[in-house]
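Next up: the structures, one after another.
Shared chain: subunit A. Partners: subunit B in the first complex, subunit C in the second.
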Partner chain A sequence: MDRPLEPRDQSLSTSGARARRAVWSRQLRLWQLVLPATLFLVVYFVVPLGMLFYFSVRAPGVSGVTLVHFRKLLTDTFFLQTLGLSVRLSLEVTAVALVLGFPLAYLYTRLGPVWRLAILFVTLLPLLTSAVVRSFAWIVILGKHGLINTVFIGTGLTDGPVKLLFTLDGVRIALAQVQLPFMLLPLINAMEQLDPSLEHAAVSLGASQARAFFKVTVPLSAPGVVAGAILSFALTISAFITPVMVGGGSFNVMPTLIYQSAIVTLDWSTASTTALILLVVALAVVWGGMTLGRRFRYGPGSA
Partner chain B sequence: MTPSPTNARPDLRLVDVSRRYGPVTAVDRVSLDVAPGEFVTLLGPSGCGKTTLLKCIAGFLPPSEGQVVLRDEVMNDVLPHLRNIGIVFQHYALFPHMTVADNVAFGLRMRKRARTAIAGRVQEMLRLVRLPGFADRYPHQLSGGQQQRVALARVLAVEPVLLLLDEPFGALDKKLRVEMQLEVKQLVALLGMTTIFVTHDQEEAMRMSDRVAIMHAGRIVQCAAPEVIYDRPCDLFVADFIGSSNLLDGRIRGTSAGRLRVEVAGVPLEVPCHASVRPAGEDVVVMVRPENLALSETWPSDRPAWAGVVSLALHTGPVMEYEVVVGETWRLRVSRPRMQVESARVWAKGDRVAVTVVDLKAVRIFHGDTAGATSVRSL
Partner chain C sequence: MPAGRLGGRVGHVTFWVAIWTLALGGLLYLLLPTLIIVVASFTAGEYITFPPQGLSLRWFTRLMALAEVRVSAWRSLIVATAATAVAVVLGVAAAFPLVRGRFAGREALNAFLMSPLILPSLVYGLAALMFVSAIGLPLSVPVLVLSHVAIIVPYVIRTTAASLALLDPHLEEAARSLGANAWKTFLRVILPNLLPGIATGAAFAFISSFDNLTVSLFLAGPRVETLPIRLFAMINFDFDPAAAAISAVLVLITFAVVLLAHWAVGLTRVIRL
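After this line comes the complex of A and B, so read on.
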């Protein structure tokens, strides 16, 4: 090469600098883009969570950190019973939503666009109304002279009215309806990713349609089950309005305990401690569910 | 349509099978006999109905009319899992949550075979497809070719009456595809499996099949051995679809002693013809394969020739492909092997050449013209 190298070197260095500047400004812009969300989360999530934690470890007349509130609640039989009821109720509602949602999701993946839209519309519609309106509707349906009892008595299925309103059963039914879409959507998502020829392969190898469903479709839908169950469980254990209105105060769940402490007795320390215990228990159940779900996953090392 | 060997009872017999979706007829009165051990390919462009036909055979779709008969037993009302038909799917459809061994064992477990028998059979099948050490792997840990072999092992483990291959090589790259074609062909021949193979890749079809059934618009238009399909296509669609060919408008000028005189681009060709005498003046389409045309510098004294100019010269490795412009409108595709002594000359763009037909017996003549219908039959 007889041409001097300087001009080319120069151009290289300037283009390098330009590239570096471009990368830097891109990073800057990305950072700027997430800034509002970050600020929002810090102000409305991180700070309140810190305050919860602060209230739960402080007590009047005690300097520094104390676990007196935790000790008081965790040795209180009424509190532990309520906690147990909340967890059990949420697991039951999740199970009902799963049992109803799984066949519905399977049906959805096998139907034409019109029926798909119908399923989505009917299951998602309740989310478009407020929890209060929805609960009033359930009171009308579940009541002593409500729709269900009218049908039961009219068809001679029962002699007198069945007590559903202001019972745990009524709350289970009402909550399961709300949780159905949260269960259904992840299930549909998981099932639509399955190659339809997987079931065909199972059938061509001698599995009946039912066995192909249980041997192939069900285990491969596990990621959707886990996602739907986590959503449904978390939303049920923190549900407040439906248990209060449909349950009619005949029993307590964790959110009602928190409400009473914070609003009625103005005992913010107990309210905070209750909330933190609920959070830890909910996280533990979610973590357990995810661990269980992972065992159904494709195999080691898969995404 | 070539009749299948009559000495053997066909493993699969399709009798006037049709499948309609509303007003659309996807499969239109298809009849086909497949002899035991035969490898038959359904070949056609996408949308020709070959996949629908495959689903009808497998039992995933009921035929609207006609019968699917498997070893003398009408299958129309038999549920797909009781048909004992093995299928290898386009994307293999291996069960991702099961190991290779569990995948291969699946069909045997569905048949409730003894545990020890299953384990032995799985080992045997994995040896057969040359994957003996892969029993505990999961499908996503295998390459495309290995997944393909597992899919084969899984299907062959249950000894199906019929093997259906639904475009099984489509997801592989070209080199691997050719290797797998040979491997599958050998394996299927070794086991004497009766096989139906669906593809839109004609090279694949020609290479692997005992017979090729060309499908077009829901019908089998020709079903014959690959060389017959190539040499004697029954109509213009097949002639155009299989291989490359020059389809040239011509006009009949008369007949003499079993020869048809056809004028193409101003040059009269004497084509041997055993069919009925055609009226002079009729318009026809003349098919000449590119390898049936030769180029020379000097004007041949013993045969008619077109004078033309090479307008395109392409290297494809073993073969040179040329396009020669004759007159104003005629374009002839010519392919010549590069290594042969007598045709060692490689032409370049702009060369003036004489184009001659190598073998007039291999020229085919069809009714109609090149713009017209493709459903015309050959003479």
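After this line comes the complex of A and C, so read on.
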């Protein structure tokens, strides 16, 4: 599978054929190093996913491939409502993460090393914190006697406690915090590539700071926005722990449906089919986003 | 035009106030849950509340008395250590051909090896459960370890490959031309230079295995309970305030991982890995 040798390697050799053989065998050995990881993932990752696919297209009493599970789910009102809720929730959470993440990423590129380090630390800590711990913290914050209600009642903002825990709003608040780091990192990476003098030029030519920001920095950061939004959407639509813990079973999203079918009702066909529909929706958004991102990068706007 | 300039200045101030308000709000939002759970774990009260009702270490003391917590924490430590060790061996080896090799389909192979990062871990948990049942393996610690390896191996490949791409090939050429053989070059020149990247990848891999709930939930079963499963049950079914003490310890471990990543490669480089 090895391609021809590099010219540099050839020019170094005094005796062509032997050196070529030596380098070729080195390349072969190098190539072999990827085999253990690849074989492991084929057996322990690809084959299991193949089984997921198998369970979704087979039914008892039907020989060969059948789409009966897909047909059953995609004509079921409850399933379609859950799918719709999952998509809407993911879009809303992504939008909140973008609105909070963009200014923070923008400031990151304008601040000194100490601030940058602080921002990165505060970003990476929740990113790596256990989802169970984070959801538990949100339960403590959103609960009837939690932080938010203590502040609201203490300041007289509301008379009684606001119900946030075990509601969709509570899950939105908790999920947006989970997704903010995934939005921030691509934004920071994209905005660091931008030359700040572009914005300065716009200001010195008479644009207000806000106009320069919206007309120069925002459009040029589009690739980062797209990357962050794709990541945030794909992770929100497949989030399980936060909807279960903060939502408390008050509503279903696609991942909770998968878990219920697999573990509670032991219906592996429905679980597999739901999982595949979730994957297709997530991949469609990733693909659509990447197509959009390419247009931003090479489109007429950037020329 | 003094009025216009004043308007411009007001607009300028408004703009920066808006940016700073949203950014500081975002920072507080990111930090709040971690802070709350750590502070709340020191409560002296019967329930976990914020602000805590007095300060004490009672829930940490109770933690010591909970046998299931001790057993599950120990099991999680074993699973995460074993999974990380396997992932480091597989991942470091794979990183070399992915960066240095010249063979057809290298890009595709790289994308394939990264794909566990993209697949929702819940979907993988379900698929792994079907696979394990189909081949008739009983749910056990080794099965759990292998499933964790599948989802954490990309972290090691990625950070090792990133360090390797930055390594100057002249260093190796110099070592080789000074008479070091391939092994010696690898052990004395390449490996020490890659160590920070490998350590960062291993730390991220360890913490994702140690904290994993979604895959373990499918594969663990009642006899192979891990710490995240125990914690999940304590919060959702037992309402045990000692859960906050476990959470505080987990936050501390995460804190250590971030510090390690900063010390090894620097946080500004970590985010580009």
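Convention: the second predicted complex is superposed on the first by the 271 of 303 C-alpha atoms of A that agree within 3 Å, B and C clash if a C-alpha of one lies under 4 Å from a C-alpha of the other, contacts with A are read in each partner's own complex, and residues count from 1 in each chain.
Everything below uses one rule, namely that a contact is a pair of C-beta atoms (placed from the backbone, for glycine too) under 8 Å apart; a residue touches a chain by one contact, two chains touch by 3 or more.
Quick caveat: nothing in here was measured; it's all calculated off a predicted structure.
Enquirer: Does the subunit A-based superposition show subunit B and subunit C clashing or fitting?
Expert: fit
Enquirer: Does the superposition put A:Gln209 against subunit B (first), subunit C (second), both, or neither?
Expert: both
Enquirer: Is A:Arg295 touching anything from subunit B or subunit C once the two structures are fitted on A? First, second, both or neither.
Expert: neither
Enquirer: With both complexes superposed on chain A, which partner does A:Pro48 reach: first (subunit B), second (subunit C), both or neither?
Expert: So A:Pro48 only meets subunit C here.
Enquirer: According to the stated criteria, A:Tyr259 is in contact with first (subunit B), second (subunit C), both, or neither; which is it?
Expert: A:Tyr259: touches subunit C, not subunit B.
Enquirer: Looking at subunit A, does subunit C or subunit B touch more of its residues?
Expert: C
Enquirer: Applying the touch criterion given at the start, work out whether A:Ser130 contacts subunit B, subunit C, both or neither, answering first, second, both or neither.
Expert: The answer is second: A:Ser130 touches subunit C but not subunit B.
Enquirer: Given the superposition on chain A, what is the angle at the CA centre of subunit A with arms to the CA centres of subunit B and subunit C, as a multiple of 10 degrees?
Expert: 90
Enquirer: After lining up the shared chain so the two structures overlap, which partner does A:Trp138 touch, if you call subunit B first and subunit C second: first, second, both or neither?
Expert: A:Trp138: touches subunit C, not subunit B.
Enquirer: After the superposition on A, what does A:Ala201 contact: first (subunit B), second (subunit C), both or neither?
Expert: Once the two structures are laid over each other on A, A:Ala201 reaches subunit B alone.
Enquirer: Between subunit B and subunit C, report the minimum C-alpha distance in the superposition, expressed in whole angstrom.
Expert: 7
Enquirer: On subunit A, which stretch or stretches are contacted by subunit B in one complex as well as by subunit C in the other?
Expert: Subunit A residues touching both partners: 208-209.
Enquirer: Could you list, by residue number, the parts of subunit C that touch subunit A in their complex?
Expert: Result: residues 8, 11-12, 14-16, 18-20, 22-23, 25-27, 29-34, 36-37, 40, 47-51, 89-91, 93-94, 96-98, 100-105, 109, 112-113, 115-116, 118-124, 126-131, 134, 146-147, 149-150, 153, 157, 204, 207, 211, 213-214, 217-218, 228, 231-232, 235-236, 243-244, 247, 250-251, 254-255, 257-258, 261-262, 267-268, 270-272 of subunit C touch subunit A.
Enquirer: For a test of understanding, state which residues of subunit A touch subunit C in their complex under the given definition.
Expert: That would be residues 1-3, 6, 27, 30-34, 36-38, 40-41, 44-45, 47-49, 51-52, 55, 99-104, 106-107, 116-117, 119-126, 128-134, 136-141, 145-147, 150, 176-177, 180-181, 185, 188-189, 208-210, 213, 234, 238, 240-241, 244-245, 255, 258-259, 262-263, 268, 271-272, 275, 278-279, 282, 286 of subunit A.
Enquirer: Which of the residues in subunit A end up touching subunit B in this complex?
Expert: Interface residues on subunit A, with respect to subunit B: 195, 197-198, 200-209, 211-212, 215-216, 219-220, 296-302.
Enquirer: Applying the document's contact rule, which stretches of subunit B touch subunit A when the two form their complex?
Expert: 58, 60, 79-87, 89-91, 93-97, 99, 106-107, 110-111, 138, 140-141, 154-155, 158
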